[in-house]
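Structure below; questions to follow.
Letters A, B and C mark the chains in the order given here, with residues in each chain numbered from 1 onward.
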Amino acid sequence: MAPKYEKAKAIQKENVVVDGIDISGHWNRMFEQRVITEYTPELIEKIADIPNAESFANCYQCAKCVAVCPVDVVGNYGPRKLYRYAQTGMDLTEAPELWLCTTCANCLRVCPKEVNMVKIMPAAREQAILDGKFVPNELQQAFENTAKSGNPLGQPQRKRDAWIKDAGVEIPIMKDLGRKVDVLWYVGSYPSYHPRGIDAASAAARIFTALGIDFAILGKEEKDDADSQRLAGEKGLFEMMTEYNIETFNKYEWDELVVTGPHELNAFKNVYPKYGFERPVVHYTTFLARHLDKLKPMLKHSVNKKITYHDPCYLGRHNGEYEAPRQLLEAIPGVELVEMGRNRENGYCCGGGGGGMWMDSFTAKHTTMRLSEKRAMEAASTGANVLAVACPFEVSRFADAVKSTGNEHVDVLDILELLDRSMRGDQ
Amino acid sequence: MNIVVAIKHIPSIADDLPVSGKNVDFDSVDFVLNEWDEHSIEQAVLIKEAVGGTVTVVGVDLIGELDNVLHLALAKGADKVVKITADDPAADSHMQAKWLAEAIKGMGANMVFAGVQASNDLDGQIGPMIAAYLDMPYIGGVSSVEANGDSATVNKEFAGGAGAKYSVSMPFVAGVQAAPKPPRYAPVSKVRQMAQTATIETVSPSGDASAGLAFKNMAPPVATGHAEMIEGSSKEVAAKIVELLKSKGLA
Amino acid sequence: MSNDILVITEHMDGKFSDVSFEMVGKARELASALGGQAVAVVIGSGVDANVFASDSTLHIDDAALSGFNPEAYAKIVEALVKEKSPKAVLFGWTVTGMDVAAWLSAKTGAPCAAYAKDIRVDGGGFVVSCQVYGGKLMAEVAPEGDMAVIACLAGSFPVEAGQGSTAATATASPVDAGSLKVKFVEAIKPAGGDVDITAQAKLVSIGRGIGGKENVELAEELAQALGATVSASRPVVDAGWLPRTRQVGKSGLKVKPKLYLMLGISGAPEHLEGMKSAELIIAINTDKKAPIFNVAHYGATADLFEVAEAMLELL
């Protein structure tokens, strides 16, 4: 990624004489007016004027954010740099940089001025979309698919529960059940349609069943949460899906909503309350960790693997769950858990958040490497032979990344799949 | 410039299509806008933006769900939308083209656009038929249209990147293959706003035409669900593939 | 009323397209079953029309028609139909045939069967098999009435059956070129830059199994021998072995060629998204469990290098 500005040129006078002493030399530019005062604030104000993007203007260029921004590792990025680009002529609503942030929130964690990209980016993107500016094609496709088919993959709504027939256990559907359940399990789009996601969903169904959980799913009535679409700038789409989902959730009686994906957790727990939905929502790792006493004796088969765990940004940083996934992995006999350098609060983003899931080729063009590839290499460097994940976006991303970085020996598995293996043995 | 875009609402082929009797089981399929119609809408809006004018989108409402599509068209820049309420999911291209032609007749169109084809054009596409019914010339496979006065410069695509430039005097009908730019994105908030504020003009079907095809059978092609495996050594495999390609005129 | 079959042939740069021969061959078969004649119709100049195995060939040789003109073709065919009252008019379901077939149908009231893969005579009429809904369904229809317009998918019938040397009869165009509203201005040659894989009829697509940039050449050679273009899965493009314009799939281009020959592609869903509606998919992969075999029409568990080299020797 080429920087949008040129460094201020060293301005050198041929001859400088101060108090009769000739100080001509390369360092004498300190006597020159620095160009910094000539920067215009307009393009910064343009962003900060967008509702929710105000904090963009707070930046005082301390650069703490750059050190933790995952995109900067493969390019030139971070809030500080975006501010600086804007100062030197970049209109963020028209630049490719608008689409590179994954809203991973690592910068927000360290920023003394609370410059909040998790709010700035969706707002600026929404503005760009409304103004008919450039939108990466793949992303546009994901938006259209969600609006038309109820999921970003563009799969038919009628097939949303087609996966359950091969799960090996009975999976009740709310509509047919006609009674209250303890747990409403929101499966999610990728676990419902993507082959690798289906593996995890089927494993979850078997685990819930083995634990004797009274659960049911929405089946054909379930639609995408669209939280990542919101973060990618499609708030209208998110609101449309939200209205539908809240109505559907409220149609049935249940005590707790369990979600397979961290993005859904974020939507239902943190965003839906603004739309009047305030009910208990947990991620499956939190939920299963709660049942660990009962689950542990069922984990009979050893899984003799060295495993490293990737913290999903929307489970960890956004929702504070770091321990439950690790507890689950440690409960599996034979597992040796090793940590990657960047973990927990400082976990490195897989690149799938904030709509990154649907901009893979676009981001590849503007970075030196995909974030998922960077992370896959980190995982491999621990010597682990399994990269464990807890987010449905990640399995496909990392499965691809371990291959493209020559680390095929690292298996990418959802924690659900590992638990299921330990429960049932290698099938 | 007065541009009319004739659209088709068709069964989605994203999923398998169930058959009932000798036709598609229209009750168990999703209807979507024909993908090429998205391009003809885009082409129309691009011309409007270049030289001014109005874009009217008109379609036959087969299952009572065309409103969504028309709202989307408005959000993408159409000025006016019209639906012909037919309530007959099995209406063929001839019928739809006739109804569309009757509806378009009084609109004083300079140009009429239609998608170059649709996956359910069993009896042909509506574009050339509308042209025949309205006695206008037709040109299909169109990849760009530029209006200049009372004629237009139209590029038509042949295979492999080759094509030709035509000058066509108005009024005419064009079958759009691809707009010069990918169809623009309409944010959902805009579409929903249209749904709340816009009015859709409704007309009844007028005129009569029929495909004149007797349906004998409709079924999925015989599929195996698994590739037919070509066995043998690499040399034998190669020979069999070459033979297969030759028999299909592909080598 | 005659039992003749008119075939509207198509040509470009002095060469007839294969579908023209295919249709002439089919028309012969149909005409002989009906006791009529197969008449090849050649419109336009600058082409040798004495190449068909038709019963007769009509050449409307008008210098004003050197470039394809949909309006002129439509009017000429309309006039011919009036004059000859054939039993059927065959068109290619191609960028040129598509401009005229449905128009003729609506103009004359004759039924039209498009996307035709097969035509047979049945009790004095026809039964046409049509591949509709993107190939998801086959419809069998019988056109009613005295004349049928049938638009045939290329590659449906053998080419050889239509090749011959029937001497063409030159006829003047019944249409005054000056009165046309559509005017051919100029031909547009394929632009420079990279080929558009979405516009190719045949693709040889390579995956990570190709191993390295140095091996791409083999695929290029095979493609050349087949008259195809090389496309790829994403890893090949990511590795820089081919430009991004060649990538098929979710984050690449969606293609629908007649032939998609896959060498060393596993068949990830993201790849399938871009090519699953190809008409003929052949996959070569060393892994017999590769998911692509659930989607391909033909497959072989074999080494792509060995197969490609052996194919080159045979082509």
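Everything that follows uses one rule, which is that a residue touches a chain if its C-beta (ideal position, glycine included) is under 8 Å from a C-beta of that chain, and two chains touch if they have at least 3 such contacts.
In this text, all values refer to a predicted model and were calculated from it rather than measured experimentally.
Peer 1: Count the C-beta pairs in contact for A-B and for A-C, then report the pair with the higher count.
Peer 2: Most C-beta pairs in contact, of the two: A-B.
Peer 1: With centres defined as the mean of C-alpha atoms, identify the chain lying farthest from subunit B.
Peer 2: A
Peer 1: Report the chain ID whose CA centroid sits closest to the centroid of the full protein CA set.
Peer 2: Centroid comparison flags B as closest.
Peer 1: With centres defined as the mean C-alpha position, give me the subunit B-subunit C separation in Å.
Peer 2: 20
Peer 1: Can you give the whole-Å distance between the Cα centres of subunit A and subunit B?
Peer 2: Each chain's C-alpha centroid was found; their separation is 38 Å.
Peer 1: What's the distance between the Cα centroids of subunit A and subunit C, rounded to whole Å?
Peer 2: The mean C-alpha positions of subunit A and subunit C differ by 45 Å.
Peer 1: Can you list the residues on subunit A that touch subunit B in the complex?
Peer 2: Subunit A residues touching subunit B: 126, 129-130, 132, 135, 137, 140, 143-144, 147-149, 154-159, 234-237, 239-240.
Peer 1: Going by the contact rule at the top, pick out the subunit A residues touching subunit C in the complex.
Peer 2: Interface residues on the subunit A side: 138, 194-195, 360-362, 364-365, 396, 400, 403-404.
Peer 1: Quick check: in the complex, which residue numbers of subunit C touch subunit B?
Peer 2: Result: residues 12, 18, 22, 67-71, 74, 95-96, 98-107, 109-115, 127, 130-145, 149, 151, 155, 158-159, 180-191, 195-196, 199-202, 226-227, 258-259, 261, 280-284, 292-303, 306-311, 313-315 of subunit C touch subunit B.
Peer 1: Going by the contact rule at the top, pick out the subunit C residues touching subunit A in the complex.
Peer 2: Residues 208, 234-235, 238-239, 244, 247, 250-252, 268-270, 291.
Peer 1: Taking the complex as given, what residues does subunit B use to touch subunit C?
Peer 2: The touching residues are 11, 13, 16-17, 19, 24, 93-94, 97, 116-117, 119-129, 131-133, 137-141, 153, 155-169, 172, 175, 177, 209, 211-221, 225-231, 234-235, 237-239, 241-242, 244-245, 248-251.
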